[in-house]
Each structure stands twice: as structure tokens, then as C-alpha cells.
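Each of the next two complexes has subunit A plus one other chain: subunit B in the first, subunit C in the second.
On to the complex of A and B.
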């Protein structure tokens, strides 16, 4: 029995290995193709597989733009919500508000995509002018992505804030600190590595998010950092291209694996850093 | 130190008052951040409801008077059947009857067929719920001006026919029956894979392996990482391995199924299973961890083997936690869209999935497809499908909470 359970336990490691191998295998095919060079892949800004142009920056720019917008929404609001829940709210208020945040976290991303395209985008177009904001734009996708990531950041930060020992707060109050001073100058710095872990995980989530950007941010690579423009992210590109019946073994097909490999590596590094932060935080207080 | 000198007397009081004012202001700012989240959630739900109900302006290409002088709504089942028989070609009628006997269908379904096939109904314009409620006259006037021949009717796009009808290329008659069945198939396969494997891995990590060992730490870190891998990457894994490399198995060719390729329910289900596996393991580990050590020691004390201890004492105690974890995994799997797009969910499937080796569609895929269409009526059915999905998720989570509360009391 133990042997069987051991195999099952190690299976997860094999999943990671097979992710790396399958993505790497196809990506290698892609990079070995005479039409592609590493310098072109990482150094140019046009992505047009039909014309043989593979410059990843055309897709990375959109991923960066939507992620930055999302984090500008999610980090301050998520942190503020966490501070309120952990430092201010009475247990009764917390019991009502926390489940609501959990509901927000549990809504499928495709629903957020609908919300972005049919609620947020029309509002943006009315506010900023329909001539400046397209039907598809990165701003709307980024904003809604921020709402989606907010609960993740607030719940992880709240865990970190609540784990800070009471004695620190009491010491601050004894010195005459107001509640704000105690939370921002004493509790928050003490929980910083936990909050950092939450933010980094938020970044990783934003980079890997697919459905919101596939629906709301536009179809077609566009090297632009202007959030009012339409542009396709790395994830959005994979989803759109593989949605059709893509013939196997073509350069198009293997290029998707190269993009996916990049996504995997970026999120892997971010997740590892986040876990390292959490471990450091645990060492301090638990 | 710096040159800060502490204020005195009145200045001190003002200083303290100012500090407390700042503190109070920021408290309100923090509260607003939370309220923002609550408002977003309400806006999202209201927006979906707004889309799923409302007035719809439509017209018949053919005059309904050709069927009967009385209004369509008053016609009985035999009258509708007779109308279908009289106006459809014999072949078309037989085909409909073959799909499911016409005599056995409901009145609503027959009425839908009459409208679709004979009267050639066409949706002209859809109106959201809140406008329909508060600007009824304005909508009526607008319709009268733009489409003089049109009829105006309040329509709940989420209705019984929507749930029980298969897919259709016409939004008015499309339903989510095939999508719901596809989603259920998918989730069942995913759980059949992830539950035993996940619980097994959790048992190994918690009960057998040395927690300080390098291997254990590697596996643990790896599981945490897998939980953070973007779902679209799992889709690519599924495409390369299940759809392509294992095509003989996942297309059913090994079992004598010949009419499909690797883009089947089985491939998608296994992909989903791998996707929820880390979540499953982490939850099962928590549940096993929560079983007190005294129970294990008591079992060992009366001479039980390790496996007997686990099977008879640890697992029953951890069961509610494991069940809750599985339900959470199911709700994750039911809403995932990106991996399904990658492994090739078909969007237009009018037949119920019969085996794991058939092509399929799923609820989130339908929502994605319909949202991406330009016409208002497709957005309306996307909203209706979202409501179906949210209701399914809500009932799953309610079950999880009930389970947790019930077992918590007993323990």
C-alpha cells in the first residue's frame, strides 16, 4: 500500500516534469525552425505568424499593460480591505463581509469577461468618449481583472496581518498611537513579507489570466502600452489561435507552446518568490 | 535625533485631534475599499440579471393568421401538431419526429417549433431588464417607430425551454442542455481522477513520508507551485498529451470507437482532473492534519497496522474535510474555460454526449461563445447561461458549507 501511495505522491512531480517537457519539446521545435531566431523572438515587436514575424513583445506589452492596470486596482484596494477587516471591523461585520469577498473570488473568470465587455466597457466609452475607447480595450479588461484579484490579495494580506502578535499592537497603543498609526506603522511593516507574497501571487494570477482578456481586450497582437487600445495578451493569443482547428506540427502550433513555456516560467518564478516570502514570514511569528 | 519638538498645551490638543481626524478619515477610506468590492459584486450580478430578462421586439416573416385566426398562445397541442404537419415537408416532419416523438413534446416546445419553422420568427431588438421595467412606454414608442410590424413581448431568456433545449444557431431557440450535460461529464471524470489520486497523495505526505525529508519538501513545494500554474498551461499540457500523444486511448479507438479524434470529453476531463489535483491534495492534507494524533496513537496502541489506522480511523475523521475539498474542486472545474478552449471543446453540439469519447461543449464555453457574438440576443442567452452557472456554483458551495457545519457539530 505504501508503495502505491508513494507513486501517487510522486505523480505530482511527474506532472510538473511533463509540463516542462511537453512545452519545452514543442518550444524547441519552434526555436529550431530556420524562420525563427531567439534574437527576433525576444527583440522585436511584431507578431504575425503568417508573415513569419515572431516578436514576443507584441504580446508581452498587452500582458504587462493589463496586469499593471489590474494591480493598480487590486493592490491598494485589497490592502485597504485587509487592513479594515483585520484591524477595524467588529467580528459581526467581518462575518458578513468576508464571505462576500469569497463569493467574488469564486466567480468564474468567463463571467468577469462578460462583465468587462458588457458593463465596464460601455461605461468607459461613455465617460472617456467612444472615439477614444474602443469596443475592445485593455483598460476595461485590466480593471475587471483587478476586481477579480482583489479578494486574493485581501484574504492573503488579512491572514498575514492577523498573524502579527497582539503584543505589538498593544505596545503601540500604550505609546498613544491611534489605530491608524498602529496598523500602518507597526502591524503592516511586521506583516510585510506576507503582504508581499500576496502581491506577487496577484501578479502571477494577472499574467496567467485568460478569459477576461480573451473576451474584453481584443483579438490581434498590437505592440502598445496605451490601455485605451485593443491588444492581445499572451494568454489571449493562445486561446484565440488554439480555439480553431489548428493543424498540428505547424510553426503556428509550436509557437503557442513557446508562449506557454514563457508563461509557465514567469509564473513559476513568481510563485516560488511568493512562497519564499510566506516561509520567511512564518519563521518570524509562528 | 531630528528636530521634532513635542507641542505643548493647546497645540498638543490640536495635534492629537488632528491625528485622530486622520485616523478616522483613513478608516473611512479602508471601509470604502471593502464597499467597492461589495458594489462590484452587486454590479456584476445585477448586470447579468439585466441581460437575462427584458423586452424583446420580434416579427414573424409569415402571418400567424395562416395557422389559425386565434392568437398563437391559445392553440392546443393537437392544433399545433396539425399546423406542423400541414406546413412542414414530410421529410422535415419525420426528422423532427425522429429526434424525439413530436406527440410527446410539451406545448411550449411545439409552439417554439411552429414559430421557428413555420412563422420564421426574427428577433429585431432586445432590451435590458431595468429599461424594460422603468421605461416601458419609451421602448414601446421606439419599437413602433423603428419596426412598425414588430411585436413586443417581455421575455425571460432563462426559462424551462432554455434549460431543456439543445444548442441551436438561433439565439431564440438555443438552450444549454448539451452544455450542462457536457459540464457534468467533465466534472465527473475530473473528480474520478483527482479524488483518489489527491487523497492518496495527501495520505502519503501526511502519514507515511518523513515530513522533514528532502523528497517531501520537494513534493510539497511542487504541489504549491502547481496550484499557481495558469489554467491555460494545463490546457496546453492536455492538448499535447491527452489530445495528441494518447489519441488512441482518448478518442476511444482502443475500445472500438472510430468516429472521433482526441478532442473528447475524456481528454478534457483528465485535463481538468490534473488542474484540480493540487487543490484536492492541499485540502485533503488539511483535513488529515486536523485529525488529532491521539486517535492514531490509540489505534497503534491496540496493535493496528499503519494502514488499518489510516483506513479505519484517520480517513473517517477526515472525510467531511475531504468532501468539502472535493466540492470546492468541482466548483473550480465547472467554471474553468481556458483549458477547454485549448483541448478543443466544440461549440456547436446539438446531441447529448453519450460516452466519454464524444465531442462536447460545456457551460463556460457556451458563455464565452455567446458573449463574443455581436448580436444582443446572444448576449441575452449568455446572461441566462451565466445565471445557470452561478446557480449551480451557489448550490455546490451551499452544500459544502452545510456539510462542514453538520460534521463540525458532530466531531
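On to the complex of A and C.
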């Protein structure tokens, strides 16, 4: 059994390494091309392969904007849902609500994509003005992505909150704490490492999400942090371009791997930041 | 003002259909230490947790009869249980400090209860009252979990003192501690009694005899009965030297229980 687990562990590491190598190999081709420089890649904001412009920020900006919108929806709502389920709801209410929430996680992302495009976007255009909000926009994609991530964050956070020993809650209540004070100021901080892990996973899901942004946020790189504008994310761009038939070995083709590598890096950095955050602020209980 | 800190009248406590504590009539005197003793499972904790409405968190629990705090029924409609818990503090069987710093363990309760004064002073004062100040004064910013079990329990007492309750409930506060730490808690109780009314549940007869002024003896109310009740309540010296009930005598002399 132990040997089996070991093999699985090694396999995971092996797969990760091969992904990085595959990405790195092709990306190297891209960066070795005389037409691109690292300075241009990281330092400019236009991404137009036809015109020989490879500024990754045009895509990173959209990824960050949609992800931030998504997290602004998913983290507060997910935490509120988790706190409600673990600290307020009676067991019966919990048994009904939890599976309902988890249904949200089972909806295919392509459905979410069209939900954003055909339902949320028209509402946004009515509310904020059709002249200000485009048919494709990052806000709609981000909001719906938030709804998609919400059950992930709430269910993982709820597990973490439920794992906090009852004695801590009793301590808080015995001090004359209200339910809200006990949940937010004692239980939540004690569960922060688990809640942090949930948020980290949520961030990774948001950054990596493809279908929703490909459908609803726009099909063209646009360096902008304005959520009302259309812009293409890294994932959306890869999906669209690789959908066409790109000849192997061209710059366009290898540029996709450079984007993918960048995506990998962004996720990694966000992960590291969140881990640092959790390590700094968590309250450990025995 | 009423001479009794707490008075119960025909108090019964249920978990669902099960009557865990039956027909208890007690008068707890202000400024004294009252011990509740008895074999495990006879309802000592249940009774104690009714006094600060901690049983409210057990959805099936229910109370019949009255618990009067200065003549006011703790379970009447207009009473806010949160306010009850502020006025009646509790120390638990296992030390349960918050996973925060020593300082914050004290300041948190005071802050949520609207304390507006000098927090540093309050923290020092509370730690001094709990005979812990000298041991922790140089590490107030450290996690409470770095303390020993006995220190943690005194910290829990300190944070309770910090919200200035009228009554302190202690549920076997020394049962998880070594003899030296236990002795410290007992000495501390003698100090605290000057300012607070204390109710302590203990399974340790010597401890009850050493620290308390009054003792309530609890037992299952009869053969084949699962409900516990107070079979005798008197001055501690009486209970230990000249009990009225033969079951009390048997228990305190260690013949059974």
C-alpha cells in the first residue's frame, strides 16, 4: 500500500514536470526567435502576432480583471455561505442547502458561458447602459465565474470551519459573544489555513477558467483593467487560436506555449502570495 | 438585594424526552464557593451549564422550573442569553484559550463587551488576579498555546475575570492538570471568592472539602433511574462530617461512586 502511494506521489510530480518541460520546450522556441525579445514579452502591452507584437500584458490584464471580479463575488459570498452553513444553519437546513450549492459546481462551464453572454450581459447593459457595457465584457464573465467558484470556496471553507473544535466556540459564547462575534472573530480565524486553501484553489480556478471567458468576455487582446470593456484572457486566447489550424513550428504556434507558461507562472505566484498570507495570519489551535 | 446569587426552583433539565436533571432546589450564596459533587453522568455539567444558558446550544435541551439570578428568572422571555453569559462567566474542564496571543485572549472578551477603558491596565489586572502576571508579563504577544496546561487554565480564568462577571462557573477546572497546577487554581479560588460567587463542579472529594463553603451532592435519583438530582445540600463541613443522607456518606467516604 505504501509503495502504491509512493508511486502515485512520484507520478504526480512526474506529470507536473513533464507539463513544464513540454511548455518550456516550445516556449524556448518562441523566445529564441529573433522576432521576439523577453523585454518585449514582459514589457509591452500589445499582443498581435500577425503584426509581430507579443506583449503578454494585453492578455494578463484580462486574466487578472476577470479573476478579481470573480473573487470579489466568490470569496465574500462563499465565506458567508460557509459561515451560515457551519455556524447558523440547523442540521436539517444544512442537509438541504449543501447539496443544492454543490449542484452549482456540477454545471458545465459552457453553460455558464452562455448564461453570462445571454443572461447576465443583457442585464448589465440595461442597468449600466448599453453605450458603456459591450456585448462582450469582462464584468459579466467575471461575475459568472464567481458564481461558478462559489460552491468550491464555500464547501471547502465549511469543512475547515466545522473542523474547529467545539470548545473554542463554547469559550467564545461563555465570554458573552454573539453568534456573529464568535463565528467571525474566533471560529473563522482559527479556520484560516483551511479557508485560505479554499481561496487559493478558487484563485487557480479563476485564472485557469477558459470556457466562460472565451464565450463572454471578448475575442481580441485588449490591454485594459476596465471590467466594462471586452478583452481576451490568456486562456481565452489559447482556446481561440488553437481552435484554428496553426502550422507546427510557426511563431504563432509556439507563442501559445509561452502564454501557457506565463499562465503557469501567474498561478504559481498567486499561490505563493496566498500561502504567505495564510502563514502570516493564521491562528493555530492544537 | 437578594442574599442569594442564584436560586433554583423545581428545576428540571431535559435532553429531548430524557430528564437528565430532576427537581433541583438550590440557594447559592453570594460571595461563597459552592461545590457540586457526585458520580459522573449524574448531571453536574448539565446543571452548571443551565446557569449560563450554555445548554441553549444543544438543540434538544429544555428547562422546566426556574433559575433566579437576584430574583430574576434566567429563562424568561425578555432575558438575552448573551447578557446572561456576560454576567455569569464559565471556566471549562479542558483549558480552551483562543488561538490568539495571551494579551488578546484577555482583551477580546472585554472588547466585545464594550470595554472602553485602558486595555493594558485591564490585561495586567486580570492576569494578576489570576496569579499569572509574573509568569507571562514578558510574553504577552506570544500565543496562548505556548503556555502549560495549568497556565492556560489560569489564562482562561483571567479572561473571565476581565469581563467582570458576578458569578464564575467552573466545570472540573483542575481535572486536566497536575497536582501543583491544581493547587494553584485552588489558591486562586480563595482569592477570587472575595469578589465573586463561585460554583465548581468537581469529582475530587478532597478538592471540594478544601475549597468550598457549601456542597451540593448529586446522584441518580433512585435505583434504575437515569435522572440525576441534588440529594443533599449543606455547608461543606456538614456534608463531609455529618451528612444526613446515607448515600452522601457512602460517596464522600469513598465507599462507592
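Just so we're on the same page, the second predicted complex is superposed on the first by the 253 of 286 C-alpha atoms of A that agree within 3 Å, B and C clash if a C-alpha of one lies under 4 Å from a C-alpha of the other, contacts with A are read in each partner's own complex, and residues count from 1 in each chain.
FYI, contacts are C-beta pairs under 8 Å (C-beta built on N, C-alpha and C of every residue); 3 or more make two chains touch, one makes a residue touch a chain.
Treat the numbers as computed from the prediction; the structure is a model and nothing was measured.
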First (subunit B), second (subunit C), both or neither touched by A:186: second
First (subunit B), second (subunit C), both or neither touched by A:178: both
First (subunit B), second (subunit C), both or neither touched by A:42: neither
Subunit B versus subunit C as contact partner of A:111, first or second or both or neither: first
Contacts of A:225 with subunit B and subunit C, given as first, second, both or neither: neither
Which superposed partner A:97 touches (first subunit B, second subunit C, both, neither): first
Touched partner set for A:8, first subunit B, second subunit C, both or neither: first
Intersection of the subunit A residues that touch subunit B with those that touch subunit C: 178, 181
Residues of subunit A defined as touching subunit C within the complex: 90, 165, 167-178, 181, 185-186, 189-190, 283-286
List of subunit C residues in touch with subunit A within their complex: 52, 54, 57, 59, 82-83, 85-86, 89-90, 92, 94, 96-100, 108-109, 112-113, 143, 145, 156, 159-160, 163
Subunit B contact footprint on subunit A (complex, rising order): 1-2, 4-6, 8-13, 15-16, 18-19, 22-23, 25-26, 76-81, 83-85, 88, 97, 100-101, 103-104, 106-115, 117-119, 147, 150-151, 154, 178-181, 184, 201, 204-205, 207-211, 214-215, 235, 238-239, 242-243, 245, 248, 256-257, 260, 263-264, 267-268, 270-272, 274-275
Residue ranges of subunit B in contact with subunit A within the complex: 19-20, 22-23, 26-27, 29-34, 36-38, 40-41, 43-44, 47-48, 51, 196-197, 200-201, 203-205, 208-209, 218-219, 221-226, 228-233, 235-237, 239-241, 244, 274, 277-278, 281, 306-307, 331, 334-338, 341-342, 344, 364, 367-368, 371-372, 379, 382-383, 386, 389-390, 393, 397
